[in-house]
Structure formats: structure tokens, C-alpha cells
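The same chain A turns up in both complexes below, where it pairs with chain B and then with chain C.
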Partner chain A sequence: MTAEVRAIKTPAELALAEAYTAAKPKLPGDGKVIALREAAFRRFDAQGLPNRRVEEWKYTDLRALMREAKPIAGLPDAAAKARAKSAGSLIGDIDVRRIVFVDGAFVPELSDLKNLSPGLTIGSMAQALASGDPLVAAHLGKVAAADDSAVALNTALMRDGAVIRVAAGSTVELPIHLVFVAAAEQSASMFTRSLVVIEKGARAMLVESHEGATAAEHQVNTALELVVGDDAYVDHIKITSGKSPVVHVSSLMVTIGARARFNDFSYTTGNAVVRNQLFLQFDGAGALAGIRGASLLNGRQHADVTLVADHKAGGCQSREVFKAVLDGQSRSVFQGKIIVRPKAQKTDARMLSNALLLSDEAETDTKPELEIFADDVQCGHGATSGALDDGLKFYLMARGIPESEAESLLVQAFVGEAVEGIEHAGLRDALMVNVAEWLKARAG
Partner chain B sequence: MPLLEIKNLHVSVEGRQILNGLDLTVNKGEVHAIMGPNGSGKSTLAHVMAGKPGYEATQGQILLDGEEVLTTQPDERAAKGLFLAFQYPMEIPGVATITFLRTAMNAQRKKRGQPEFTVPEFQKRLNEVAGKLEIDREMLRRGVNVGFSGGEKKRNEILQMALLEPKLCVLDETDSGLDIDALKIVSEGVNRLRSPERAMVVITHYQRLLSHIVPDVVHVLSRGRIVRTGGKELALELEAKGYAQYQDEAALAS
Partner chain C sequence: MPAVQETIERVRRIDVDQYKYGFVTDIESDKAPKGLSEDTVRFISAKKNEPEWMLAWRLDAYRRWLTMTEPSWARVEYPKINYQDYYYFSAPKKKLASLDEVDPELLKTYAKLGIPLREQEALAGVVREDGTRSRVAVDAVFDSVSVATTFQAELKKAGVIFMPISEALREHPDLVKKYLGTVVPVSDNFFATLNSAVFSDGSFVYVPPGVRCPMELSTYFRINEKDTGQFERTLIIADKGSYVSYLEGCTAPMRDENQLHAAVVELIAHDDAEIKYSTVQNWYPGDAEGKGGIYNFVTKRGDCRGQRSKISWTQVETGSAITWKYPSCILRGDNSRGEFYSIAISNGRQQVDSGTKMLHLGKNTTSRIISKGIAAGKSNNTYRGLVTAHRRATGARNFTNCDSLLIGEKCGAHTVPYIEAKNSSAVFEHEATTSKISEEMLFYCRQRGLSAEEAVALVVNGFVKDVLQQLPMEFAVEAQKLISISLEGSVG
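Moving on to the complex of A and B:
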């Protein structure tokens, strides 16, 4: 093998290396956690920031998008916490258990940890790392582990996040709402890492909200490892919103057990740059997964969904539906890869991505991939991109509906096809309300 | 003043001249049939009246209640009381028929300065009209025309027409794709809307629709012009003799 030739490190990469060295002694965890961080940092250091030479990051070149690395955020002050209070309001008035993180740190006084239903435990990652929590020791860095330098950087620098366990057979009625707010006045970088383990036959719904509360150019690197046990039933909705010029990199790593049901939705309207990467691993036979998402972008926003669905066990069904609505000079990226391993016979996987371009200057890049090593499977993918249908618009206008309202109806219908996959009616409605507001803001 | 006055209308589509100086005057309370061979410009007339993009009027006027409509948007024409029943109604997945109908109705009322209907008010009117057209509630909850048969789509057009209560109804080949039973339901729906305050322009290739919706005046359209006008008996004559005497090169154009 030839020695790897690496480009000269960018200022951002040098700053991250310095930040790591400086932060190391203060980051939570000892022994095994330190070793995990070290190994991860070495992986990051060897690969550098994800860039266009890495196929998976071809359309979202973080090396170019992150000219500099912002200093690691300090613990939030009272002003930052105050700014975080209204965060996560996009979900409307649905009943949830709210757990708040400000500038990457758990804030107990803004969180509701009272009256946890039987079988539910919630804690902070910082504490779990510091105390050597066995759940974290058993799973951290092992759930659908991906060789990805953004994930490696997160592992090296992770400070806090949620650690949630739902014991076997328990049903958690109240959705858990993890609210992550970047509220520091000065631009900073934040590394949150969460672990959620839903054990055999358990049921829970998890909503993540990510938003910026100031005009600062924060850099967020967040990761969630999610274990969906055999026969478990899990809904996960991630919302990235707000007008802050944040660069947001998110990694979701999920293992799905036998006969489990997993329903995932990523809703993106905010930030300057959003990368949602999803690594799904079907570990047990007969699971059912719906992986959906919608992005509504304008200005110069950039949103990337990169999905790998790895079917290791047979008889699983996965449905992927992603919609992007693009205005202004925005850009959306969808990369979806379905892998069907030799043993994963009777896999039924269908992937669909549609982009709706409302402006001549918007851009969408789509790359579906199928890697099938089993011979008795049903796999398919479809991708479209285009403008609103003039014929449909005329039909609506011929009935008296003004042009902007006709366009809004058609966009809502387009996004609705993905949103209807969310089971929680209240959340579905809240997202559609947000879609309507986005359209209203666009119409001016 | 006539409700509709079309004067010397010339229309081209993608650079091709389709209408060549069409004149048509329709008064309140009248039903006019426009018949003609394929390619004579029947659908072009319907589309240009409703304001479909790509249909360019190079000369002439279309006056509705004395006001020029050619310079207005399709939604403004609709609010002024013009309704086109489409030959091929569009399918709009994701927009429930009921949402579509309420949005359209209230948009028109708003533009006319009338109060918008509340949900119960709207629902009541919808139930009345839908019942008569044998359209069930389940259909109204579905996406607009999604999964509808040809006949159901046409019934849905008439439903919209009945709810929106236009002054001028333009029916473009409403009989195409209908079996006898559907034709009867649709025609009865149209006939219920005949009134001294309303006019209709019924565009059709065949006479059979006109034995259900009996016109006051029949026009023959050929090569983009009205070439003959008569009473309802003209439709029967056309049925017996065909369009050959009017057609000439029109057959080539089709």
C-alpha cells in the first residue's frame, strides 16, 4: 500500500487539533473513554475534515464550508439559557417531556425529569461518561459504527447529550423532546452525543429540535446512537430550524432489531448548512422502517441528506421518501444507498427522492445507489426534480385560486406526501403549519 | 349588454395560428353549443377563454360583462364568473378535494368582497350539491381527481361548477369518456344550473350531449372561425350529414 498523501492541513483542521489537545483534560470520562476519544481523533486527523474527495461528502465539502473552526463553546450563562427558553416551539402545543441542551450542555433547570414513567431513565451524557455508566460503556461508538470523519470528530470531542433507556416491554406514552439550542453570543463549536436504547418490545417517541438562538455562526456537530431492540416500536423526528447561520452536521446511527418498527423523519428548514447523515443497520429479521424527510430551503441554504440503509438480516421492509423544496439559490443533496447483504433475502426496499425547484437558481443533486448481494429481493429507487406543474397551477387558478396560493397548495401537497408518514397527528399538523408559514414568508 | 362577446379573436399556440377571427355573442340565459371537427379550434377557444398559459391572443377581444378578460389572470376571470369544465380534469395528489373546493370558493368570494364561508356553511352547501351528483364523502376526502374514473372526474367538474355558481359556464367536451348513465347524471347536473342569469357554452364534437343539454343556439366551428349558426336542429343535421361540407383541409389539420 502506498503511503497516504494528505493535503496540507487547513486552518480549521489545525484549530480543531489544538482545541482537542486543550480540551482533552477537561472532557468527561477516563480510561476507556479517553482511549475511545484518542482513537477517534487519530481517525479524524488522518482523514481531515470531510471534503469533496470523499465520495460520501462529494456535494457537501466541509473543508470549504468551514474556513475556520470556532472555539469550543463554554458552559452556557444565564443569558444564553434565557434565550433557549422558547426553542423547540415549532412542534406546537403537543404534550412532550422537554429535555434541554444549551451550547452543547445539559440544562437541568430547563428540563423535565419528573415522574418518569416506569422503565424510563434519562440522564446526561457528561455524567454518564464521567461515572462510567455501563449502558454507555456497552454501546457508545458501537451502534451502526460508520467510518466517517465527522463522526470521529464528534467522538473525540463529545461533551454532553442525552442518555435514555427504555426498559424491555415498557411503553413511554409522552414523547421525549430533546431541544438543542446554540445560544452563545459569540460563534462557537458544539459537540453533542446522545445514546438512546429502546429495549425489546418497548415503545417510545423521540423528537429532536436543533436551532440557533442568535446570529452567531455556530458549528454544531451532533450525533445520536439509537438502539431499536427486537419487537420495539420507535418514532424519531429531527427538526432543524431557525434563521441562525449555523453549520450543522448531524449523524444518526441506528440498529434495528427483529420485527421492530422504526419511523424516522428529518425536517429541515433552518441554518446555513445542514448535513443529516443516517446510518441504519437492519440486524434482525422482519423489521419495518420508514425513513422520511423534507427540506424547505431558500436564500443560500444548503441541506444534505445522506442515508445508508444496510440490510444485514432478511425479510425487512424499508421505505425512504425524501422531499426538497428549493427557492432562491439554495441547494439540496440527497444520497441514498441501500445495501442488501447476501443473507438478507426477502428484503423489500424502496427509495424515493423528489426535488421541487421554485427558482431557476436553485440546485439539487441526487445520488441513489443500490448494492444488492442477495438474489430474492425487491429493491427500487426513484428520483425526480423539476418545477411546479404549470397544468396543475392553471387548473387551480381557473377555479379562482390566486397564483401564490395555488403554488402553496401544490407545495404543501408535495411535502405532505412525506409528512403523512409521521404517526403522531399533532406533530404532523405542526409541521404542516410550519410549511404553510414558510410558504407565507416566501410569498412576502 | 351581452354576457359574453368575442370579437375577431385570433389565437396562436406555439406559433401556430388556431383561431382566425372568431366572433361569438352569448346573452344571459342562453345555452350555445359549439360543434366542429377535430382540429377546428374548439378546445383552443375554451382554453383561451379561461386564460391557459401558452394560448396567445394576437388580435381581438373577449368581453365578459363588457370587461376585457384577455389581460387578466385565470383566477381573476374565475372570480368574475367564468368557469371552464375541463375536458381532461387534472389529478392533484395530496390536495384533498374538499380543501380544494373550500379554498377556491373562498378565494373567489374574497376577491368579490363577499364574506368567506365558515366550515359548517361550506359543508352544508357541499353536501347538498354532492348528493345530487351522487358523489360520496369518501371521494371528497381523496386528492383532487386521484383515482377517479373518467365519469367521476366529469361529475367532480360539475360539482365545482355548481358550488362556484359562475355566470358563464364553458363545458369543454364534457361528454367525452362518459357512459350513458354518467352522461345522464352530468347532464342533469348541468341542466339544474340553467337559469335566466347564467349562460353556457357547450363545446362538443357529437350531438349526443345536446339531446340531454338542449341548446338555444348551435354554431359550427371550422378552421378557427364560426362558419354557420343555427337553432338546435342544426346539431341534428350535423349528426346526419357530418362535418364534411365544413371541413375541407380541417381534416388535414387534425
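Moving on to the complex of A and C:
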């Protein structure tokens, strides 16, 4: 429903158009990349910033939330890099390979590229675009292509990001931690784009951390295209945290091969506005996917998870579990759509979303959709919203647990249901520690 | 799979053959000139001898309608409607003084439909446990006008007003003026605004305080004329502490052109009042290839205005080429309650986009939604619903359950629920499932001697039982029959 003709552009849209024209000559890539950018920008220009008239953005009106477009970030200076050093610490002391991006640019000196295990290659998107890397040429913009103007804007203005390939049959033991930090002093906009290809039968775990390191009102538009090959086994965890008033729009596009296993988790506690959109495509039969997430929000935070699970092949199983805890005047949005195409018989998809409102001024909007075209399937969704169960609280308090502690325990149990889907024990623990800290800060 | 091919052929066959209400009644009628203009609106208003304020109201609606665009968000597809291609008013020519003067053709039509226009007759032969036949007061609407309303005298004794809205406009103008358009405002949506401009008839019900309406009230709608649109308007007011149960049924002849039906129904329940509104919708669905059929674009909304009031919608949807219909409840009064029970069965190339809205505004309001969608053939069946609790609607509670069943692999079933909670004490629960009829269940039935078709019917009846139970007995019988017709031969 984006067909509506729009003549008037907002100041932010005009500024983005200007920024694109100015940045064009400096952005990496030639020939085909330029054509890709041009086409994407035309799509964005036609649709404008996502707004409430676009069904998929009904509850997150970027036109209203982004009154102005910030200038595109320059390359990070030494001070910015210094500020970025401690970013990504939420994952605790688990062993990872850190790859750091500051203000949308790859920073080799903060990244660990030594002793890559066999079959693993890691590079920067800017270099890959500039050199016409064949892997990027083969996949960029083609993984679970989404007709979304935020993705189009990302394609038009993408500057840097990670390009990772895990060769067929290889196992990468050490989780790869992509750390994205918005560290500029002045408010800026950043466009990062990554491509990860996990080939047939390979195994890898990817952790993404996004945070702001200053009080600037940055605008982040990040996208990740992920190819999960046949029989591959992939974990992907995305963490958006920090107190910076960032507007963060993230798009994950995944294609899942036959018999592959894919586990995804989005954890959101930070930023002013977060939109996590996930486009999953089941392209091979018999795949198994667990898509989960948790958001802990307070103040005037706004977090939106929009998920489209498109079952194109038969016999796949997917489980979606999303939890939101809301305090203050925060607002959480969950839109989940399960599509089962005519050929995707024997699909088994279940989606659950729960919102817990700790404050009378919080708001939650949920839209779980099913779109089913095959008759031999099992699909379901459940959605609930409400306050903490007084009965449960009473049970704990009757046993001598103070009220605030009882509340914390119940919230931890609530969030825990989703978090326990993460396979990495260290990361699971780190997230639960963060939940406990969030609750402690809340109790004051 | 040969079985699948067989199914498709069977499904194709039933849609053309099984619609038994597809006959045309040859009756002389009085029509407004084709097309829509201010003159059409004036013509209808004049035909009805309406007061001046009503004409002004209609013209205002018409002018607003001109500035509106047809909604496109529903999951339905149809060629662009040329609104100038319809007759907006068509009435049987003869004026009547009593039921005895009713054109025999008309009586025959209603007899064929199984609707008794003569008092004391029963619908569908339902006999109560004590041996008496149930009585239902019927208002029969043929094309644009109401032709007969039964049991008027008895209802009058109880103080219940049940008459065509055109008559109510003349006899009870104050009541109509007070309530008309207060639930569905003139410019509510494209189709409701069109209705406001050109509605020709419909039913008006007023139940005075403390009165329990002594019998079921029923309206039967039939579109007969070619290229006509039917725009009826129903207004039901249940005053303090009253109760009324209202039934609605509809059929139309089989025609190759699409006919338009854009009705508006407004319900108002005051303190402690209860309205139960049941619909069996069986408009002509078009043929197997999707040719013809009724476009059913209906706005139905109930306003629980008073405290502890209750409105309950029950619908069985089997007809229409396209259904666009969301019977809703505005839960304004504290402790008020809204219910929505729906079975939507689609076959052939039917497209259904239906559901409900529960708007919780008052404190401790509760609502329940039970929706069962069954898609067969090449049809698409969508549930679309909204549940919302506003800031001050503390203690709001909703339970929603929408299940879909698919029969065959060329159809689609979709669920699009919107759930918006704006305060923490609102408790919303929503669940939806889609599945296929379980082989095990069918096997169990067949092992006990049922044919495959009977087994499917049994399972489906079990699936929709929650909703059927809500229907008044007179309609439950009819609904059950409809379900077996719609699904006959759907076994694959």
C-alpha cells in the first residue's frame, strides 16, 4: 500500500536527496554498484521515508520520528576511535573475534583479523565494493530482497560494513563480534551494510553490537544480508544498547538453505528509537529456525520488531518468541508475519509475542499475521499483553521476598523464556546479567 | 493426485449448482434513473416522503462521498466499480394496504426462500421442545423497499417499535434524528457515506426501557433487479435494561454482473441493555470462475453506550463474491461487553475480508472474539481485527481466538489482527491457528462407517460449534444446512 502519490517532501527527505547527490562521487564502487545505488535511491525517492501510511510502518512513523536528516558521518578521528574502545562490553568476557566499525567505517586497528581459522575470510565492504569483489557482486541486494524504503536508502548510501565468508564444511569456533559504534561528537547519519555467506555445511556464530558512545542524536541505518547455506548451522545475535539518543533502523535479510539450522536473537535496551526488521526466506526444504528477541524499554523509548518469515519451501519449522518489558512512557511494537507459499507443505510455524507493561503510560502494539496458501500446514500465533500477575507477585511476597525483588524475579523469568533460546551459555548469562542490571536501575 | 483433481471439479460444480436462491422474480418495478447524482438522492428522498432535514443529511453525505476514495487496504481484488452503472432505487410497483394485497409473485419469492410473511408461520420448521412453533417477526426488504413487516400489533403492545426505517422517519422522526449517524457517522468510510446518501430502506427497532422483546425480530433482504445496488440502513436502539435479538438473512439471484450491497447497521445499547445481532449471509457468490456475485461492503457497528450494556454479533458468512465487513463494538460504558462470533466459509473464487473491532474506552470492559474461517476452492479468506484499549480503559479484557481451516491447496487463509494496549491493566490474549483437517480425525470417523464427506462435515461442524451455539435456534438450523452445502464435495 505504498502506491499513494506524494508530491510534498519533508525537510528530512530533501536533505537525504541532497546528501545522496553530494556523497555519490565519494561512495565506494563503480559500474554495477553505481547502478544499484541509483535504482535504490529512485525507489527511496518514490516512497519517501517510511511513515504510518505504509502498512509495515504503521506504528513507527519515521517521518515523524526523523524531523531532520543528519549529515553523513565523516571518517572517525582518534578521539572517536578512543571512545569506541569499550563498546560491545555488554557481552561480558566471552571469547570473541572483534571487528570494529566506528561511525560507519571499518577500523582495522581496533579489530582482530589475526589467525583466521581455515575457511574463514573477513573483509571490509568499502574495499569489496571498490575492488568489485565477486562474492559481493553475487549476493549484494539479492538476499531476501525486501521492498522497503529504509533498505533502499541503505543500498543507496551504504559505505562500509563487514564481508564475511565461511567456506563449505568449515567450522568457525570463535564467535565473530561485529561492533558498530556511533562515536562522533556531532550528530551524524551512518549507513552500514554487511554481507555474511555461510556456505554448505559450515558452522558459525555472529554477534552484532550497536551502540552510541556520545550524547549526539545519531541516525543509524544498518543492514545485514546473510546467506545460510544448505546444512549450515548459524547463530546470529544482535544487541542494541546504550543510553545515546540514537534513531536506529536495522534490516536483516536472510535466506535459509535446505536442512539448515538458524537461530536469531535480537536484544534491545538502548537508543531512542529502534526498528529491527527481519526478512527471512526459507528457500530449502527441512530447515529449522528459531527467531527470538527481547526488549527492555523505559523513558520515551520506542522499539519495533517487524518480522516476515516467508516459507517458500516445504517441511520447514520456525519458532518465533518475542518478549517486551515496558516501563515509563515507552512503546513497543511487534509485527510478525508468517507467509506459507503454496508449495511449502508440511510447514510448522509458531509465533508468540508477549508484552509486559510495568507502567500505566506505556503502550504496546501487536500485529501477528498469518498468510497461508498451503493446506497441509501447522501455523499458529499467540499474543498477549498485560501487567505483572498480581497472584504470582503475592505468592513470592507471602514467602518473604520484598515487592521490588518479586517484580524483578518475575520479569527475569518472563525475559528468560526468550533468552534461553540462545545456544551460547556465556552470552545467555551475559544478557541475563544485563536484564538484572536494567531492573536494578529501574528499582533505583 | 487424482483425488485433488476430483475435488476441484466437485468444488467447481457445487458453486454453480448449489446456490438455490438464484432465481429471478418477474415483478414490475419502479426504478430511479440509472446512475448517481444529487438528483438521484433527491428522487429517493422524495419517494420516501422524507422530512427536509433528512434530504439535507443525505445531500451532505453525497457531497462528502464525492471527495472520498474507495478503500484499498483489504485483501480483496475486483475491477474498478463504476458507480454510475447501478440503479440506486428499485421498488415493486404496487402499493399495499395489507398483506393480502402483496403481489403473489412476491409472496412466492419469499415462500421459495422459506421466509413466512404470514404471521404464525414458523421459519425452517423449527419446533420448540414444548411443541409450539417459534414465532419471528419479519421485515422483508425487496430491492430498495420493505414490503411487509409482520407481528406489528403484538410488538406494539409490548411497546417495541419494529418497522421499515422509511416509515420510522415519518412516524418517529425524533427518535431517528436522535440516533441516526451517531454510531457510524456520515463520513465514516467510503461505503458508509455512499449508504448515507442513497439508503432506501431497512429496519428500525426501538425497545423501550425494561422491555424484553417478546419475539425474535428478523429482516430478510433480497436483491432482485438487475444492476441494482441495495443500500439498507438498520438502526436498533435498546433502551435501559431492555433486550432484543435480531436476525438478518439475505439472498440474491444469479447474475453475470456484480451487484453492489453497501449496508450500514447501527446498534445502540443503553445502561444494562443487551442486543444480540445475528446474520446469515448468503448472497449469490458468483459462478465457479468468479463471474457475477454480490459485492458485500458493509459497515456494522454497535455502541455500548450505557454501563453494563452488551452487544453480541454472530455471523455465518457463506455468500458474496467479495465480503468486506467488520462488525464492531465501541465499549464506551463502564463494565460493558462486546462479543463477536463468526464463521466465514469461502469457496470458488470468493474473497472474504472480515473481522471485528473491539474498542475499549470504558473501565472494566470485556470482549471476546471467536472467528473460524474455512477456505476451499480458489478462495481467499482473511480475518482482520482490531482490539484496542485506551488510556482510561482500566481493567479492559479481551480474548481472541481465530482459527482457519484450509481445504485444498489453491485457497488461502490469512489472519491480520491488530492489538493495541495503551494501559497496563488491560489484559489481551490472542491466539490463532491454521491447520488442515487431521487425517486421524477423518480416519476415526470413516472407520465408524461415515463417508468421507460426512466425516468432513462432522469435523467442520465441530470446528465451528462455538459460533453456531450463539445463533438463535431458527438460524442455527439454516446455518448448519449452509455449511454442509458449502463444503459438500470439498473432500480431497
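The rule is short, and it goes like this: the second predicted complex is superposed on the first by the 439 of 444 C-alpha atoms of A that agree within 3 Å, B and C clash if a C-alpha of one lies under 4 Å from a C-alpha of the other, contacts with A are read in each partner's own complex, and residues count from 1 in each chain.
Just so it is clear, a residue touches a chain if its C-beta (ideal position, glycine included) is under 8 Å from a C-beta of that chain, and two chains touch if they have at least 3 such contacts.
All values reported here derive from a predicted model rather than from experimental measurement.
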Fit-or-clash call for chain B and chain C when the two complexes are aligned on chain A
fit
If you stack the two complexes on chain A, which partner ends up touching A:Ala287: first (chain B), second (chain C), both, or neither?
neither
Give one of first, second, both or neither to describe whether A:Ile164 is in contact with chain B, with chain C, with both, or with none.
neither
In the overlay, answer first, second, both or neither for which of chain B and chain C A:Ile401 touches.
first
Name the chain, either chain B or chain C, that contacts more residues of chain A.
C
Once chain A of both complexes is superposed, is A:Glu55 in touch with chain B (first), chain C (second), both, or neither?
second
For A:Gly391 in the superposed arrangement: first (chain B), second (chain C), both or neither?
first
Given the touch rule stated above, what does A:Gln412 touch, chain B (first), chain C (second), both, or neither?
first
Please compute the chain B to chain A to chain C angle from C-alpha centroids in the superposed arrangement, rounded to the nearest 10 degrees.
70
Which partner chains sit in contact with A:Gln378 here, chain B, chain C, both or neither? Use first/second/both/neither.
second
On the A-aligned overlay, A:Thr366 touches which partner chain: chain B = first, chain C = second, or both, or neither?
second
Closest pair of CA atoms, one in chain B and one in chain C, after superposing: how far apart in Å?
15
Interface residues of chain A shared by chain B and chain C, listed none
Residue numbers of chain B touching chain A in their complex, please.
50-53, 73-75, 77-79, 83-84, 86, 89-90, 92-95, 99-100, 103-105, 107-108, 111, 143, 160, 164
Partner chain C, residues of chain A touching it in the complex
1, 3, 55, 342, 345, 355, 357-387
In their shared complex, at which residues does chain A touch chain B?
390-392, 394-403, 405-406, 409-410, 412-414, 416-417
In their shared complex, at which residues does chain C touch chain A?
72-73, 391, 404, 406-436
